[in-house]
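Look at the two complexes coming up: chain A is in both, with chain B in one and chain C in the other.
On to the complex of A and B.
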C-alpha cells in the first residue's frame, strides 16, 4: 500500500466533525485524538511491529460506525451473561445498552465515560488515555476520537470485590465498525476480577477497534479474562495497556478464537517495586484466520516478577503470530521473568511466526524464555491408541489438553466451563 | 565481589596495537564507477568481474543503510574511505625470505607461524596484509590432492570458470547494503576449492590484519566443497590501535555439494575502541553457507571479542535434503562495544537439521544482542531445530538482548528455542572460595565453563588461541 493510501485510511474511518459532548475535557481529548488520527498512517507490513500481519484486507473497506440496532436480540445476549457477575455493562455494536446492563450493590463503581461514574467522580478524566496514548497509534487515536460511552470500572481503596464484573461487547451488524473502550481503575489494596467478552451474533465482516486501560494501585490485585469470539470474517484490533504500582498483582487470560484478522497489543508496565504479572494466552484458529498477539512486559522497577505462557493451536491454513517482548530497565534489579511460547500446528498449511524477545539492561536478574513449534507427539498418540482410543479421538484429546492448560486457569467457573465446551467443539477434527 | 575485580579482569588494554611502517599504495579516498574501474584495472581483472562489480555498485546506489540492528554509530561517509590499499609490489616472492622483514616482524609479534612453525603447526596460511595476498604457503602440498587454496585475485586468473560459477551465488550482489558495497569494491580474499571426495589434509587458515589507517577492508571469501569432500577453515583477525573508525565489510560464501562438509571457524579480536568508545573497527559482515547437496553440512563457529561494532549473522541455507547447519558462537563485549550477532537457519529441504548455541557475555557499558532467524519452509518436512542462547551480564551498566525470529510453515517440523540470562552468583563465588579458589580464578573458571560448549567445537589450534584470548581479556585481576 502506498504511503498516501495508508495515511488516508485512518481519516476515512473518522467523522468530519465531532458533535460536542457535555464534558469539556472529553471534547478536548477527542479533538486532539482526531487530529492525530488524521495525521498518522496506518501500519503496513513494512513496519517491524506489523511484519507478519498484513492488514490490506481491512484497508479495502472504510467501515463506518454502526447505528443503534433497531432490533435487539435480547435472548441471545442474555445467554451470554455470566451468572456470577453482579455488575454488567452491555454494548451492542459499540452502543451502550443501559436496560440490559446492571450495577450491583457490591461497592464497585461502574458507569460510562461520559456520565460521571457514581461514587468515583473524576476517575475517567484522571485516567483515560494515560496508558494507551494516541500519539503514535492510529487505531487508538481513532478509538479515542469516537470515545463517548466507554465502560469505566472503579474499585475504591481496600475494597475486595467478591463477584466479577462482566463487560460484554456484542456485534450484530455486518459492514460496520465499533469502538469499544474500557477503563479499569483499582485503588490501593483493592481486588477485582473482570471479564471482557467480544461476541458476534450475526456474523459477517465488521471491524472492532478496541482500547482497554487498566491501572492497578499499590498492593491491589486484578484478574482479567479477555475472550474474543468475533465472526470469522471480521477484523479485531485492540490495545490493552496496564500499569502496576508498587506490590500490585495482575493476572490475565486472553482467549482468542475469532476474527479473520485479529491483533491484540498487550502492554504491561511495572511502575512500582515488587509487582507480579501473569499473562496467559491461547489462540485457537482455523481456516484462513490470522491471530496476532503482541505483548510487552516492561520491568522498570526492582524486584518485579512476571510469568507468561502463550499457546497457539493452528488448524487449516491459518496463521498465528506471537511477539513477546520483555524489557528489564537499568536498575530493575532482582527481576525474575519467564516466558514461554508454545505452538501446535495441526496441518501442513498452518503457519506460525513467533518471536520471544528479551531486552535486559540490569545484571542481577533471572530471565528465561523458550519457544517450541511442532505437531502432536506421535508417542502420545500411540499411548492413547494402545488404551483403545481411535486415532482421531486420541488427537482430539491431546489437542484439547494442550488448550486446557490455559482455559483451566480462568478463575470464573461458569465462563471456564463454557470455554471448555467451545474448545472441545473447536478441537474435534472430523472423524 | 567484586564488580571492580571483574572489571579489572576485562579491562585489558589491546595487546596487538602497533602500526607496521610499510609503504603502501593507497588510492585516493572516495567511491565512484571510476574507483571501481581503477581497482579492477590494477588487479588486471577480466571484463565479467568488472561487470559484476559495476552491477553491484549501481544496485548499492539505490539501497539505504540498514537501521534495524540494535547498534548506534555516527553516519559513515562512504566517500571518506580509500577503497584500495596494497603493499608496494617489490618482486615476485620465491621463498619466505623474500617477504618484507618489517612485515615478517609484525606477524611474529602476532605469533603467526609463518616460518618453520608452520610445518610444526601443520597450517597453510594465506596471509592477507591489508588487501593483497602476500604469500601463500603449502600450496604444493594441497595441490597434490587437488585442493585449490589461493587468494581470490589469483583464482580469478587461474580458475576463472569456478570463480565465475560460484561468486555471488550464495550472497547475490543485491543481497544487502554492505554485501553490495563489498561486491563492488572487494580487493582480495581467499578462494578454496575441495575436489570430489577429498578430505582436506590440513586445516586451512587465513590471517587477516587491517593495517593502513582509514582503509576499509572488503575481503571476499569463497569456499566450494565438491561432493563428499571435507574442509575445515580457520579465520582469525587482529588489528592495530587507531583512533578513527575503520569499516570492515567482508562477504564469505560457502557452497557444500552432496555429502560435503565445511567447518568454518573464526576468532575475531579487532581493535574495539578505547574505554570511551573512541575508535575501533566497524565489523559489518555477510557470511552465508549454502548446503546445496543432499546430506551436506556447514558448521559455523565464532569467537567474537573485538570490534567497536559487530554486525554479522553467519547463516545456513539448508537446500539439500538431510542437510545440516550448525552455529556455535561466543560474543564478549566490554566498555562501549556493541554486538548484534546471531544466525539464520533457512530450512528448505526435507529432514534438514540445525543447531544454534550462542553465548553472550556483556561487561562495562556494552550492548550484546542475539538476533536469529529459524525459518522452516513449507516443503521442509521433518525439519528439526534446536536453539539455545544464553547471556551473562557483568556489571549493571551493560545490556543483553535476544531477538529470535521463528517462522514455521510446516507442521512436520520441530523447533525449540530457549534462552536465559544470568550473572555470576555470589553463591557460586562463595563455593569456589570455600574450596580455596580466589574470585579472579573462579570468575575465569565460570566463564570458561559458560562458553565450553562452543569452545569444544573449535579446532585444536583455535581452541588454544581462543582460551588465551578470553584469558587475555580477563587477565589482570590477580593481585
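On to the complex of A and C.
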C-alpha cells in the first residue's frame, strides 16, 4: 500500500463532521484527534512495529460506524453476563445500552465519558487520552475522534471493590466498525478486578478499534482480564495503556481467540518505585487467523518487578506474533523482570514470530527472558497413550493443558470455567 | 511365586530394537507367567529401559526383529494405547509433567478409557473420587495429590508414587516398572514396594527393571535376569541379585565374554 493510500484509509474511517456535544473539553479533544487522524498514515509492513502483521485485508473496506442495533439480542447478551459482577456496562456495536447495564452500589463509580460519572466528577476529563495518546497512533486517533459514551470505572481512595466490574462489547452487525473505549482509574490504596470481554454474536467481517487506559494509584491493585472472541472474519485492533504509581500492583490475563487479524498493544509504565506488574497472555488461533500481541513494560523507577508469560497455540495455517519489550531505564535499579514466551505449533503450516526486546540501561538489575517454539513433545504424547488415551485424546489434553496454565490464573471463577470450556472445544476439534 | 505350569502372560522371542539407527537390543528372549515377579538388572546402557519402552510402544524405539505376545496377542501390532487397554502398564523412569490438568481428571480419563475398552462401566467424577480415595488410603498417598496438576512440581518420589497410583487404578495384567525405585528415599521406596505387592495376584505379573538390589529387599522376585550389551546374559533367582550386590557386574560380564570367546 502506498503512503497516500495508507493516509486516506484513516480519513475514510472518520466522521465528516463532529456534532458538538455538551462537554467543551470533550469537543476539543475529539477535534484534535480528528485532525491527527487525518494527518497520520495507517501502518504497513514497512513499519518495524507491524512487519509481521499485514493489515491490507482491513484496508480494503472503509468500515463505517454501526448504527444502534434495531433488534437487541437480549437473551444472547444475558448469557454472557458474569454473575459475580455487580457493576456492568454493556455495549452493542459500539453503542452503550443503559437498560442492559447495571451500576451497582459497590462503592465504585461506573458510567460513561459523556455523562458525568456519579461520585467521580471530572475523572474522565482529568485522565482520558493521557495513557494512550493520539499523536502517533492513527487507530487511537480515530477511536478518540469518535469518543462519546466510553466506559469509565473509578474506584475511590482505599476502597476495596469486592466484586468485579464487567465491560461487555458485543458485535452484531457485519460490515461495520465500533470504537470501544475504557478508562479505569483506581485511587490510592484501592482495589479493583475488571473484565473486558469482546464477543461476536452474528459473525461476519467487521472492525473493532478499541482503546483502554488504566491508571493505578499509589499502593492500589488492579486485576484485569481481557477476552477477545470476535468473529474469525473480523478485525480487532486495540491499545491498552497502563500506568503504575508507587507500590501499585497490576495483574492481567489477556486471552485471544478471535478475529481474522487482531493486534493488541499492551503498554505498562512503572512510574513509581516498587511496583509489581504481571502480564499473562494466551493466543489460541486456527485456520488463517493472525493474532499479534505487542507488549511493553517500562521500568522507569527503582525496585520494580515484572512477570510475563505469553503463550500461543497455533493450529491450521494460522500465525501468531509476540513482541515483548522490556525497558529498564537508567536509575531503575534493582528491577526484577522475567519474561517467557512459549509457543505451540500444531501443524506444519502454523507459524509464530516471537521476539523479546530488552533495553536495559540500569546496571543493578535481574532480567530473565526466554522463548520456546515447538510441537507437542512426543514423550508427553507417549506417556498419555501408555495410559490408554488415544493419540488424538492425548494431543488434545496436552494442548488444553498448555492453554489452561494461563486460563487457570483468571481470578473470576465463572469466567474461568467458561473459558476452560471454550478452550476445551477449541482444542478438541480433531477428535 | 515361580509358576512353571502357569499361563504364559508375556512371551518375548528374539527381540531386536534400535534407537536412532543404533541397535540396542540384540535378541531378547523372556517368558513371564501369571503370578510371577521378574527383576531385570544390569549396568547402565545394557538395554533394560529400551526393553521396557519397546514393549510399551514408544515411537522412538524401533522394533527391528523378533516378537512379543501378551496373552497370546501380538503386541507389536498394537498402538501404545491398545497395549495399555490390553493390560500392559509401563511405570516410567521419568514421568512427564502436565501442568494445567489436574491429577484427578487425568486419572479418571485414563481409568475410564481403559475400563471402557474392557467393556466395563465408567465412573462419574463422584464415583471415581470415592474409588480413588480408597486406593490412596491403601497406598498411603496424600489425597492432596488429586488436586495438583499431573506430576507438576512433584518431587522425584512423588512422581513415582503417582506412577504406582496409576498402576493400582488401571489394574494391569502385566506391569513393567522402569527404574521406579531410582532416586527414592526409604519411605517412597516402601510405598512403591507396597503398591507392587498389593497389585501382585495369581492372574497378574510384574517385571521390575532396576539398577540396584535395594528394591528387592521389599519385593521378592521369582526370577532375576541380568542384561548386558542388549542381551540377557544370566538368569537366576533372588540369590543372583544378592550376589550382584556384593560382587558387582564385572565378574558376570567377564564370564560372558569368556563364553562368547
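Operating definition for what follows: the second predicted complex is superposed on the first by the 430 of 431 C-alpha atoms of A that agree within 3 Å, B and C clash if a C-alpha of one lies under 4 Å from a C-alpha of the other, contacts with A are read in each partner's own complex, and residues count from 1 in each chain.
Everything below uses one rule, namely that a residue touches a chain if its C-beta (ideal position, glycine included) is under 8 Å from a C-beta of that chain, and two chains touch if they have at least 3 such contacts.
What you are looking at is a predicted structure, and each value in this text was computed from that prediction instead of being measured.
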Under the stated touch criterion, which partner chain does A:330 make contact with: chain B (first), chain C (second), both, or neither? first
Superposition-derived comparison: chain B or chain C, residues of chain A touched: B
Could you say whether A:366 touches chain B, chain C, both of them, or neither, answering first, second, both or neither? first
One more residue to check, A:397. First (chain B), second (chain C), both or neither? second
Let me test your reading of the model: by the given contact rule, A:113 touches which partner, first (chain B), second (chain C), both or neither? neither
Quick one: which bits of chain A touch chain B in the complex? Just the residue numbers, please. 48, 52, 330-331, 333, 343, 345-375
So in the complex, the part of chain C that touches chain A is made up of which residues? 56-60, 79-81, 83-85, 89-90, 92, 95-96, 98-101, 106, 109-110, 113-114, 117, 149, 166, 170
Which of the residues in chain B end up touching chain A in this complex? 68, 376, 378, 391, 393-423
Applying the document's contact rule, which stretches of chain A touch chain C when the two form their complex? 377-380, 382-391, 393-394, 397-398, 400-405, 408
